[in-house]
Amino acid sequence: MVAMFNPIYFVVAGLAAAFLLTLFHNRERLSYFIMIIALSLMMLISLAHLASFLAGTGEIVQVFTAGFAPPFSINFQMGPPEALLTAIVSLVGLLSGIYLSEQLRKTGAYAQAVYIVLVMGMNAMILTRDLFNLFVFLEIVSIATVGILFLSRSRTSVNTGFTYMVASGLISVVLLIGIVFAYMNAGSLNIDTLSESLVMAGRGGSIAVLLITLAFLLELKPFPANGWGIDLYTSAPGALSALISAGGMSATYYALAKVLPVGQWSHDSLVAAVGGITFIASQIIALKQDDSRRLLGYSSIGQIGLLLVVLGFSEALGDRRDFIAAGLLITHALSKSILFYISDMVQDDSLRGWAALRRKPVLLVLFGVAAFALIGFPPFPSFFAKWDLILLLNGGTEGYYLLSAMVLAGSLIEAVYLFRWFSYALKLPHEDLPELASPTSRLIAPVTAALVLAGASWYVSTLVSGFSQSFLIPVAFILLVAVIDRLPAWSKNVISIAGVSLYIADLYPRIAGDLMTMIFAGIFLVGAVLTLLSGFYYKGRRAGFYPMALTMFAGLAALIEAATILEFFWGWELMAIGSYFLLIRGKKSMPHGLSYLLFSIGGSYSILYGFSLAAAGAGGVIAMSSLVGISVMPALAYSLMLLGFLTKTASIGVHIWLPGAHGEAVADIHFMASAILLKAGVFGLITVLLAMGSEAGYTRWILLALGWIGVLSALLGNISAAFQESAKRLLAWSSIGQLGYIVWGLASMSHLGWLIALGYSVTHFLYKGILFLAIGGIALKIGTPYMYKMGGLIKRMPYSFFAVLIAIITLSGVPPLVGFSAKWITYNLIISEQLYYQGFVILIAGIIAFLYLFRMIYTVFLGQLKDNLRSVGEISIWFRIPMYLLLIVILVLSFLPNTLLRPIGDMLSGIFPEEAIVWTGSRGVTSLGYFDGAMIMYVIVGIFVILTILFLLLRKQTQKVKQFNIFYSGEAPSRPELSHFSYNFFAHYRKAVGALALPLVTGFWDRVTEIIHAVSDFIRRIYTGNGQTYLFHIVLYVVVVFLVQSGGYR
Amino acid sequence: MRSNDDFLSKKIVPGVEGDEIEVDPIRDYYCDAVPQVSREYKRAYPSIIDRFKNWARSESIWILAYGSGCGAIEMRPLMTPKYDAYQYGIQWRPTPRQANLLMVSGYLSLKTLRIVIRAYEQMPSPKYVMGLGSCTINGGMYYDSYNTINRLDYYLPVDVYVAGCMPRPESLLDGLELLKKLIREGKGHGADIYAEKFEWYKANQKKILKSWNMPDYSW
Amino acid sequence: MNIGSIAMGAGFLLVLIGLWGILTRTHIIQIIVSFSVVDTGVHLIMVAAGYMHQRTAPIISEGLAASDAPSLVVDPLPQALVLTAIVIGLGVTALMLAFALRIHEKNDTLEIKNIERLRW
Amino acid sequence: MIRTFGIILTLIGVAFLFFSLFLEYETPLELSGSASYYAASTAEDTGSANLVSAIVVTYRGLDTLGEVTILFLTSSIMSYMLKTKKARNQRTFRESSELLRTASALLVPFIILLGVFIFVHGHLSPGGGFQGGAVLASALVLLLVADPLYTVQSRILSVIESSSGFLYVLLGLSGLLFGAGFLDSRVLPTGRVGELFSAGLIPLIYILIGLKVGTELSNLLSVFHSVQGQDLMEDEGGAR
Amino acid sequence: MSWTLRILYALLTLFIVMNVGLLLNGVTRKIYARVNRRVGIRFYQPYIDLVKNYSLTNLVTHGVMFYLGPIFRLTSGVGLILFIPLIYGSQGFSNFSFSGDAVLILYFLFFGTLGMALGSGESGQPHSAIGVARGLAQVTAAEIPLVLSFLSVFIQYQSLSITEIVGAQQSGILQWTFFTNPLAGVTALLAFLGSMMRSPFDVVLAPQEIPIGPPTEYHGAFLGVLQTNRAIFPVAKTILYVNLFFGGAASWPALIPKAFLLYMWSVVVGTVFPRYRVDQSIRWFLKVPLALGLLSIVCIHFC
């Protein structure tokens, strides 16, 4: 069957159709129809071959033209890479053809003929194995590109066209000279024969090969010499840019891949270097772009740079190279074409103009899919490709550590400008933007591209070893929920809760034994059910909330169930996506959501780097056990992983995203993000610290640093919390403080320390849950999170007041409740582990927590009730149910602290053998001291009850009075607002200790971004806009590369 | 400057949930209860405990440090070593909540009368009033002034008057001695008398204080 | 120094002159002309590559039997390649001229410096 | 000033590159690699006397097909790029001299005959489809120069052009179906070297190429000719 | 010990401590008066004031939390005294100290503060809120020397249980922590000043300025409860310091003079120094006491 689809039909179909078209050029409808038929025929051929290869049955097809053997005639070869690339080229060609239908039809049959020849040329470039034939088809492609470029008929397209022509002319000169001299040395033009003949190693031969490689590199628009390329993307019609970046670039890239073996891989380091420079430079320049087309141009050139790096390191990547290159190429081709298609629909070219996408949600979803695919988030192929790339770069005999760091830095910068752009689209006003030109004919192209990308993602994930398919089930469930997004919120809520609880039921037997995962599974999944429960409060549709919330929970579940570090990383990134979309929902949350995402991406990249070193140490094995005892640069690996997880626990230094992101989040999202999301960081820290242990020498310094980070975050978090005006920001800062406490506990690497950390994680979940739900509910009801706008709510919401009171007492660690057990263990830890100085700061930070606790409960509940709050009812029942569930748990734990601490202690004794606490009933005894939770509770409650009864007996006539019956030195208070002391509550404290709450860290990160922007501004100056300068750059580039290569090492 | 009445007029305030809230300051901000007579006053004959309580009340009199008029300066020497009222259990408290004795030390203009009435009503009972100087007895040299009151006990139940156009500290101490004797004998029922003849007192007060913009009894 | 190396040297020289023209002339037509000079230079190099001393053109005729062609004939392949290269050069130059016309129509100038261009 | 200095420096660099290439070049003494195969076996493989035509048409037939496509591309791009307004205002030209008009009328048929001869004998004598086509086009140039108001019936030219292109592809396809591979010229008997009806499909293909190249070049020239003094078709809309 | 016996002992302890507390209050105010060369109040005046406050007939309450505020305060006072082992050796008089060690006492101090703050908060009185804000701000700074000194004591004896610490100091005066760990002792004395709300650091209850801070709205029986606590709470804290730094006591006659003398230390300093503003007091705590505390820990840690 495959014989019937002979690759030569690409050329035949293309040319026959082109020549036929010009015959009936006056009947547009017929000619356009023929064009579509030709394009779909080409796609059919490539898909047939691709299908046969994917099914594993196909073998490489050699096609001889003119009936003679290759060295004497031109031959086509259709192997797996060719099949894939021709499939991409023909697919994008067909989609762009449909997209450009009305322009092509208007310009006439000739343009359609040129378009068919363009797509045919690209396919032929991929297939041909003959150097000169490759040159001919390269010329066909560049001429046809210029022809189609003219379709946009604008002045810039004409000017760009001319420079493009001259530039490709120069490149063809270089290529021709290269081919001629290659022929003179080896006597043949066929690539395969040239590769075998060693004669190329001679001086002339090596220069010829250098010229050929250089020509193809120049065609791929390397950094200094790509002025002409950037203008092409900017002025060409969107669909053409899509075809160029997806089709043209892939074809030339594969041509280069075919040509490299000719010189016995002598120039692979050159290719890698050029690729690396192009990747980094174009990402940095793209930072400063505000024109969407130009930015996409830089980004696609950057992606090609990355592919060049992959090509350059072929022998380091070994057989995985094809998988990586294929993964990156598919994602790049499809997502770039999606973006280019959309760019043609948006009339306003500036980045902010894309906010108009919100008028058509389908396009916004497509934009999101493309952006996340480009950066390499799960489930897209680029995620697995980037994973393998970094692992192999660091894994080989001599790891290319600097290079992999550079690749990650580059993709981080790419994430910066892509997500900044995406958040513009999500959040900026779009009322005054021009209308979208998006008829259905134009929608087909991006939608099909996205569907193909999804299919490719599914297929790639089946290829990857160390990634079980069970992780895709939650993703499928999320897609299902996304599809039914039209339903009202409550129905989706029921479905999601059912889904999560089903997952818990299925998960429970698997992790029943291991308490550590059970704790975190409880926090993640039971917490999920609780937060979703509070979601019943919302009326209406609440578009996009449930899929994204479930993505986050799926990510968290994946963390728990991960058997290999790949699955762990998959869960981590999935969670980052979900949580970003939840946090971005707040009205003023755009800058904070963006900084959250960038910090989490930076964090996950440092985790990825750490994992790669771990995998390198374990010889490529990526089971979770490979994290234990890393042999390759262990100090760097562990500290990078810890840094990555610290960004998620928002410890000092990387915490600046949290106050804004959580401060602006909606009520239950705030609870989700803080009580659950931060614990993901803690779970990560635990996994790493368990793997690291504390025996090795370097661990002492890492743990010391980790401890001090935890301590400082506790201190500074609590102090800054005291000075916040918005209740939500206050709680956000307090989460930083609490997490600092947990990090310090973990850093002590002792039985007691981990007991505190785990105990705290659970109790933090409980009381922070109550606080977030209460404050969130009130902020929702009152409409503002600012505390000075509240006051006296105890009279309107007594139940919430009681819950918040209990939560506050637990948080501050005052005896009767469960918080005290953590404080007690802290003292034991400080003395037994001799962490005196850190311990002292932590204790003081614990005391400072009182400040913001009292401030919150006073300004919100006590004091004077304002007029507009007079008729406010209790917060919604859906907030109060989870609140009271958590309250009951806290009270039970307060009575019997051992129910929580004993099981954790027993489990920990497995890890830290020293037997720290001996529990008898609710009485814990350590070597230093003792405490009995139940007894304390009985005594205190007993005294309290007795005194209350005594006082009630003694009571005389008591007169209940209202809010203005206060001693106001004889005057009558005028308005409730004036006699409610809440704004700038700790002014005097700020005078004394305010220096500690200065935003120094934010200043530091601003400095960093300023530097990068300055560099970007400096580099991009070389594109002066003058065509001749670009030509001069090309010639200069040729000379420099020649001098470097020849002077270099020959 | 907005007059005081403006604060007490009814107003419509937009509520947080988009509803309109009708706020009537008198009803919403202030408690409008009327003082009750205490059980002790009703009892015909003071029991042993009452007598002990009255003794304790006499031995520890907390004065509201409110100097109204020129007599206040006479109270200061009581804090000095020369007269030292502390040894008799007398103390000065800044808030009426914790005070038992209201010392009206001189003339009371209409404005200060309003403040004195509020201060008196905010004191817990049993509470006593001591008028110093002739101004409180019969208006003193300001008897014909348009804005001072002539007799204090028309407006507040006064227990002890100390004559003198500003009595010296010694006479103050003497007055305090008399007050302690009255309290010990259980005659310190100013608060209950005020509660009993509440309407009468209120009528007097309202007659002289034309713009009565506060609840009848400001707790 | 046989004719082959002279031709090759001349070819290289022509390419250099053409490049100089492209990089320094500001008028677009002059750039197109210098580009065709470069093209000719390259074609000359290609032909020179195929030149062999004291050999004749690769046409089999009475005077040149098919059997002893390998020892008498010049390398035919570069001549085939140069044929294609010349046609490609023609196509590119024709298109450049068309673009020059369009540029003049849109920008009313043919100076490459003041064509209104996209900046960084 | 710095610009030119920079350019000089770069060109010296390029010169150095060329020089290092030039040093390696020494004219080979005898044919090597595929050239020796071509020289030895073209005659009995394809039966074409002119080795270059054999290479151009059969051995590296795909290149030629590519070339033809490039020419086709150029002419079709030109056709929609330089479309002029419908109304052709009459341009006043100085009457060309008597000598030129009569000479051109006389010479044009002979030039066309020469062109046809060249591409018909492509496989025997030097030259071939492209060279013959160029000669044909030169005939048209002569006509245009002689009589500027001469309007070329571009309709016929484009029909010949596309039909010859299409036929060329069909011949290639026939090679695939009947011969050993796409563009294999041995579908027809290769005959004796030097005969007119020999070398299989090569003459036929060359004729088609000659016609195509001739018509395309003339089409190209007529477009350029018709553009003089006209304002180009302003595009109605189109993107930025 | 059966529960009833334990409760009887507790009542007895409370009775003794309350009397000691009231007498101490009386004596303190007598000393203040004597410094002003005044005759001063009768030493039993606090008793009278207490009875008078309880005897007042009507009470004004602003809400449940306001009502329970003083009771929180008194529970904290009573709880504190019951959790501290008063008499070394006697099972009875160490009351409920078996239910928690020094950490429980350290954190139980805040129970009362929180309760009082919430109670005065509900009264709607802005001055009380200002007082509470000052109190909390100051207590975080006053905690620094306290935590440091207590920490160095716990490190020195490697134990958190007060009875053990007292036991280690029984063999003679030179064995007192004050002498074996002088730096911690001095820091503790400075910390003692901070926690006793005496004049250098009594900006919280600044009379006249923010009419006595948090308890502005409290009167009658509420004030009585507060005064009972004012009797028990300082004595409890003093006994805590005595136990930790001055060798505790084997019997009441040994305990009361020590408590009295230590109590007088804060009174004497109180009479001489004027009142600090809040930020001044915070800065004061961050200078000398912090340095001394750290020194004491370093010293214990290394030498």
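Read from first to last, the chains carry the letters A, B, C, D and E; within each, the first residue is number 1.
Definition applied: contacts are C-beta pairs under 8 Å (C-beta built on N, C-alpha and C of every residue); 3 or more make two chains touch, one makes a residue touch a chain.
Everything numeric here is computed off the predicted structure, so don't read it as measured data.
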item: Smallest count of steps, each to a touching chain, taking subunit C to subunit E; value: 2
item: Touching both subunit A and subunit C (chains); value: D
item: Chain whose Cα mean lies nearest the overall Cα mean; value: A
item: Identity of the chain that, by mean CA position, is farthest from subunit C; value: B
item: Most widely separated chain from subunit D, with each centre as the mean of CA atoms; value: B
item: Separation of subunit C from subunit D, taking each centre as the mean of its C-alpha atoms, in whole Å; value: 15
item: Interchain centroid distance [CA atoms averaged], subunit B/subunit E, Å; value: 36
item: Chain centre separation (subunit B, subunit C; CA means) in Å; value: 115
item: Separation of mean Cα positions, subunit E and subunit D [Å, integer]; value: 108
item: Touching two or more other chains - residue numbers and ranges from subunit C; value: 15, 19, 23, 49, 77, 81, 84, 88, 91, 95, 102
item: Subunit A residues counted as touching two or more neighbouring chains; value: 132, 136, 139, 143, 146-147, 150, 156, 177, 181, 184, 189, 235, 956-957, 959-961, 963-965, 967, 1032, 1035
item: Residues of subunit D engaged with two or more neighbouring chains; value: 7, 10-11, 14, 21, 25, 28, 34-35, 38, 59-60, 63, 66-67, 70, 73-74, 77, 81
item: Every chain pair in contact, whichever chains are involved; value: A-B, A-C, A-D, A-E, B-E, C-D
item: List of subunit D residues in touch with subunit A within their complex; value: 3, 6-7, 10-11, 13-14, 16-17, 20-21, 23-25, 28, 32-35, 37-38, 45, 58-63, 65-67, 69-70, 72-74, 76-77, 79-81, 158-159, 161-163, 165-166, 169-170, 172-173, 175-176, 179-186, 235-236, 238-240
item: For the subunit A and subunit E complex, residues of the former touching the latter; value: 792, 794-795, 798, 801, 805, 808-809, 812-816, 820, 823-824, 827-828, 830-831, 834, 836-837, 839-840, 843-844, 847-848, 850-851, 854-855, 857-858, 862-864, 928-932, 935-936, 939-940, 943-944, 947-948, 951, 954-961, 963-967, 969, 979-982, 985-986, 988-989, 991-993
item: Contact set on subunit B toward subunit E in their complex; value: 35-36, 38-40, 52-53, 56-57, 59-60, 62, 65, 80-81, 84, 86-87, 89, 91, 93-95, 97-98, 100, 122, 124-126, 191, 219
item: Subunit D residues touching subunit C - in the complex, by the definition given at the top; value: 4, 7, 10-11, 14-15, 18-19, 21-22, 25-31, 34-36, 38-40, 42-44, 49-52, 55-56, 59-60, 63-64, 66-67, 70-71, 73-74, 77-78, 81-82, 124-126, 128, 130, 193-194, 213, 220, 224, 227, 231-232
item: Interfacial residue positions of subunit A with respect to subunit B in the complex; value: 781-783, 867-872, 956-957, 959-965, 967, 970-976
